[in-house]
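Shared between the two complexes below is chain A, which pairs with chain B and chain C, respectively.
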Partner chain A sequence: MKKKLIAMLMLVVMIGALLAGCGKEKGKETGSVSQGESTKKEEKTPPKDENITIKVFSNLPDRKNGQGLVEQMIIDEYMELNKNVTIEVEALDEEAYKTKFKAYAMNGMPDVVSIWGQPSFIDEVLDAGVLAELNETDYNDYKFISGSLEGFKKDGKLYGLPRNSDVMAFYYNQKIFEDNGWKVPATYEELLLLGKSIKEAGMVPVAMDGGDGWPLAILLTDLLLKVNGDCSSIVTPAVAQGNFTSGEMKKTTELLVEAAKSGLFQTGYDSQDYGTAMNLFTNGQAAMFYMGSWETSMARNQDIPEEIRNNIRAFTMPVVEGGKGKATDIAAWNGGGYAVSAHSEVKGEAIKFLNFMYQPDKLSKYGWENGVGMSAQDQTEFLSGNETELQMQFMEFLKNATSVSGTPINDCGPSIFKTVIESEIQSVSNGTKSVDEFLTNIGLACK
Partner chain B sequence: MKKLYSNKLVILSLVLPGIFVFIFAILAPISLSFYYGFTSYSGMGKAEFISLDNYIELFSDKNFHISLRNSLFLALGFIFIQHPLAIIVAVILDKLQGKAEGILRCIYFIPNVISVAVIAYLWKFIYNPDFGLLNNVLKTFGYQGQINWFSSDNAIWSVLVVLIWHGFGWGMLIYYTGIKNIDPVLYEAAAIDGANTTVTFFRITLPLMKSVIQVNVTMAIISALKQMETVYLLTNGGPGNSTQFAANYLYQQAFKAFRYGYGNAIGVVFIIICLAVTILLNKMFQEKKIA
Partner chain C sequence: MKKADKKKTIAGKSILSFILILVAVVQIFPLIWLINFSLASSVEMFTKGLLIIPKKIQWGNYIKAYVDGHFLLYLKNSVLINVLAVVLVIFISIMAAFACKRMYWKLRGFVKIVLLLGMMIPIHATLLPNYKIYSSLDITDTLWAVLIPYVAFSLPQGMFLMTSFLDAVPEELEEAAVIDGCGIYRILFQIVTPLLKPAIATVSIMTFLNNWNEFIMASTYLSTPKWKTMPFSLLEFTGQYSSNYAVQFAVMALTAAPAILVYILLNKHITKGVAMGAIKG
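And then the complex of A and B:
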């Protein structure tokens, strides 16, 4: 009898331990990321005084610099104004972010999330119905640049708001240019010749983050704009038909290959990451750096030697001889932004917070004041005279733009297309694959 | 106490946790992988059944073939470079005795205790053509060129070096333990019979290490097939797909390309290959035992 009692006791303890391991602590659940079960619950509007926790999932892990700092400033301000609201931030680098976003999408998303208004990301997300619909008329006075909301819509309904206006350019070190008698190139041919001169002087001409693939894809977009005068008339049908073998695409790809072949980029550019490429430029080893307007904060970054950061300037892709694109046709688009989870338990408050972020004197103003690139909202009223020359240059690029490229080519198709083109573009630029192979393979990825 | 252990309820209570872990942590995920392998699931929304389409695509997917070829190349690198070196070093360490033995054993094991992320970034800097250690060392020897260690042709070799270096200490330690377990009387008898070091190595050490070698080689092949973290952080399969490995390709398809169904199909093929390799190796070593 005693033996049986001990056996029963052991069984009960074991089952208890297993159940305890599987269970949830009720207190800790409050305000946590909504899991599968919570996604089924109806949206609740909590009473005014009730403590609310909003979970923000962000792709800006650096909370002390750049856009991460701006985001954190607004969060702190919102919590200060709404004492009953606590905002918890989970921030990851872009690639890790996208992977975890998908995991969240399967099991319940945080309340406010970073998103990208580009087909390669947003199409699957909207199809899955994980984002809350926003009322577009709420944003009539938010001064969004015309057309900037389009990437975040599906069937005429709005699901997110853009954060930035991104412009791609060549950052260059003005002092190094002047000391060596180099001039900003007016044509693509001049750019390649300049690259050769810089190389002969023992420097890296252009620091390129080729390891990630997407900067090369944006370069391709930039060149296509200069060759054809616009991108969408070539890219949209090519993605739809899975056929990129048009003469314009071929010529554009050949121009990119020519640049790599002529040594415009650093040795091993196709395997080097963002940080390595940027370091080459900010350490003075590279004369130029091909990157987006979100890096204008380099001019204020105290970690970069003063002699370099004070001399950073930029120019956009020069014209291609015989091409239809003008010097003022620039590679620019509205990419990243924010959205609210469709199944958020605090959806009302989350949308309220989102709207707070986008009040013209928040994201847009703080972003401008901190020199972290340009917002998707009109920023002209925030000009204070304290802007860096670099900021003003980018503002001029946009102001004088005769046309913009729109979404870069790698983000124009389904996500498998993005994966393939970002890998294949390394192969075609380093000569491992021919231009024809490259164009065929990216076409197949669309099918 | 003996009677207590013969009670079925007690046995059940002791076995159940293991069964639970097996079912929920191993069997269920594998079964789900099989299921999703037959769907076009993107990871979000609904999963659509597409029969064998994913598996048919796998057969014609050149990048998958490259990733398998690279995994095989890595496995061969482990078997023919890493493990012979590990055995030799283990034998030398055993002969050293004294303080040097302990110190060197620790030194060789250090790469194993460093995080994969640190190792990847360390080697990224070592290999960097502009400011990397390797090219700078070559410069001091008078070499004026700039070697691109991660070019399409060199990258796979560069990755191989890192992975061999990283896993070397672990393999060496297992061989070292195996050697330590060999009865020293056998070596004494061989010495009396006039056998030199080479003879004792081939006639005593190696034959008695067969079971250790079997375990080590099987583990090396499996680890080559499932290689992911270091490659992901070092090259992410690039440039192009020149350093693409099966596990990294699976990750890219499932989580970057939003092709969860296809990624699961790769996972299923991957499980089958791992099982086949393990069975084959067991058979190979068994046959040799009979012979």
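And then the complex of A and C:
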């Protein structure tokens, strides 16, 4: 029995060793072949009629609505025009997207990927060298808004293209305002007073997605712009030194805390998510909603009652008394975009597809027509006269802007800074942490 | 005196029934809420009050969930992956538990501890290393890419319950079987396994429920729709900022249905299994 056991054990070990040997060899082979192949394939351009598959990794899982629909429309159009090209889309929501992006960065990326032109995301990605360099002169005729490509550059080289121009504003229900004799506030102090009147009337003044952290961080950016007249002169050195204790930052944070304390937001705002906040507004329970220009599509959304959707208007953050910022200095930035993988086996075709997407009559036009926000390219030529008043208002905000905030504060530092500020800002706004504690903690996260 | 006693019993029973009904309502409420919201429109979702009375019942949510959510394909994948995971976990955990509990060899205690240590490893810590390994083995985006981690993460729990439960099986049975000429596999599968029924049911249901709703590993290791599982249906309706909540509720109702069915089928055994497994160590 013992002998049998020993024999069996030896057999298992032998088979195991053999299999392990095979696996290793196979791994080695695949590794070397794929490496060799990738360098070879990078150099050669596939013949014209060869079947090509482009893999697109997107952060827009809903392909039937909004930005995802626009992206899918362009993909379908490209495949229709280039019969030999198949485009496979893998789409995940932001959190899962970023996790898988890291996995792909280790072991080969899909050919075209969604990226964010903000330091918290792009710095690490560019350092890893996974994105292909693009030729900036190719895009001279693409009507990109001046400065919109900056976030996607490193050492003067371009690695991605921006998709949207995002503008932050207070959406409000014009009818409710008129019925109650409320006026669009001209100063921040007036906004707080208006909030009190709205609350007394039994409504929520501003629906706030505080559960996510980032809208509060954008509010902080918006206020900093109004206090200081520009954001980068405060935020850039603060991130570099890990020190946010400047007078301007302190004043700005106090203004934000004051808003929360005065009851400007709904009860439990710090744990309620995007959908909850938005629905408070679209149901008529809240008079205002603080959100970005991507929500201009609310004015066309058939699910929202007509009397509400037809009365949605917007105003940007009013001036702060004693602040250096003007009413026309707005919180705006270029966030998400696309890039091509540096090691793509079909890099040439992937760049061709990327360029096709960014032809001014594609992403920009379709986005405008579907009301999914504002593009990073000039959209004025697509005005058809069928635009909603809300769309026109946002266009005016951008047209009349004397300066823009640039990247929101939460995306200005390393990824750990983003995590910390988005959680700490909830604590400081609801009073569980003091302003000084908040500023110290976000400073430490930069170090 | 008797009347008073009777009154007391009736009062006691009424209070007990009231408490039980209350607990049952609290337990069942999420399901009612899920179905209620799945029949409303997205905008009605945040009206005041716990439940919604939809202006028009939105059966369309279910149609969208079924068609646009690729329900059938994802259901097929989920069922296949979960059934395989349950079978493998049961099979391996019974054998491992028997080997570590009833067979006498030098490292049995150590091996048992190593296997149980698996319970302490967080899934997120293994995501990227596993992806790297699967990539080099060329098994990403295959059935194995999800089946292996599902079995691996369910095994410690299964092994823990099986070992505890095995204590309740008298050793004399095995001795009698040996005397009657049974080999080790026959003892294990024909004598011991039938006695482990409640533990098998418990491990099955736990493995099934944990893996049925798992998303982060599946989303990292799978790329194409070929092997995607039910939670991916939900993703089809997730927008960049806000989502189509009403259809997502319909997807969740459809996703929950098979899990509830499995629970109802195995419910009888699970209470017994957990209770018996809990007191032995």
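Just so we're on the same page, the second predicted complex is superposed on the first by the 403 of 447 C-alpha atoms of A that agree within 3 Å, B and C clash if a C-alpha of one lies under 4 Å from a C-alpha of the other, contacts with A are read in each partner's own complex, and residues count from 1 in each chain.
Basically, a contact is a pair of C-beta atoms (placed from the backbone, for glycine too) under 8 Å apart; a residue touches a chain by one contact, two chains touch by 3 or more.
What you are looking at is a predicted structure, and each value in this text was computed from that prediction instead of being measured.
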Chain B versus chain C as contact partner of A:T432, first or second or both or neither: first
Touched partner set for A:N107, first chain B, second chain C, both or neither: second
Chain B versus chain C as contact partner of A:V125, first or second or both or neither: first
First (chain B), second (chain C), both or neither touched by A:I234: neither
Partner chain in contact with A:T276 - chain B first, chain C second, else both or neither: both
First (chain B), second (chain C), both or neither touched by A:T99: both
Partner chain(s) touched by A:Q266 [first = chain B, second = chain C, both, neither]: first
Chain B and chain C contact sites that coincide on chain A, given as residue numbers: 99, 102, 106, 276, 280, 285
Interface residues, chain C side, partner chain A - complex: 41-43, 45-48, 68, 127-128, 131-132, 135-138, 215-216, 219-220, 223-224, 235-245
Touch list for chain B against partner chain A, complex: 3-4, 7, 9-10, 12-13, 16-17, 20, 42-45, 63, 124, 128-131, 146, 148-152, 155, 235-242, 252-253, 255-259
List of chain A residues in touch with chain B within their complex: 3-4, 6-8, 10-11, 14, 18, 95, 98-99, 102, 105-106, 124-125, 127-130, 204, 210-211, 213, 266-268, 270-273, 276, 280, 285, 414-416, 418-420, 423-424, 426-427, 430, 432-433
Touching residues on chain A, where the partner in the complex is chain C: 23, 27, 30-31, 55, 59-68, 88, 90-94, 96, 99-100, 102-103, 106-108, 274-276, 278-280, 282-283, 285, 292, 294-295, 303-305
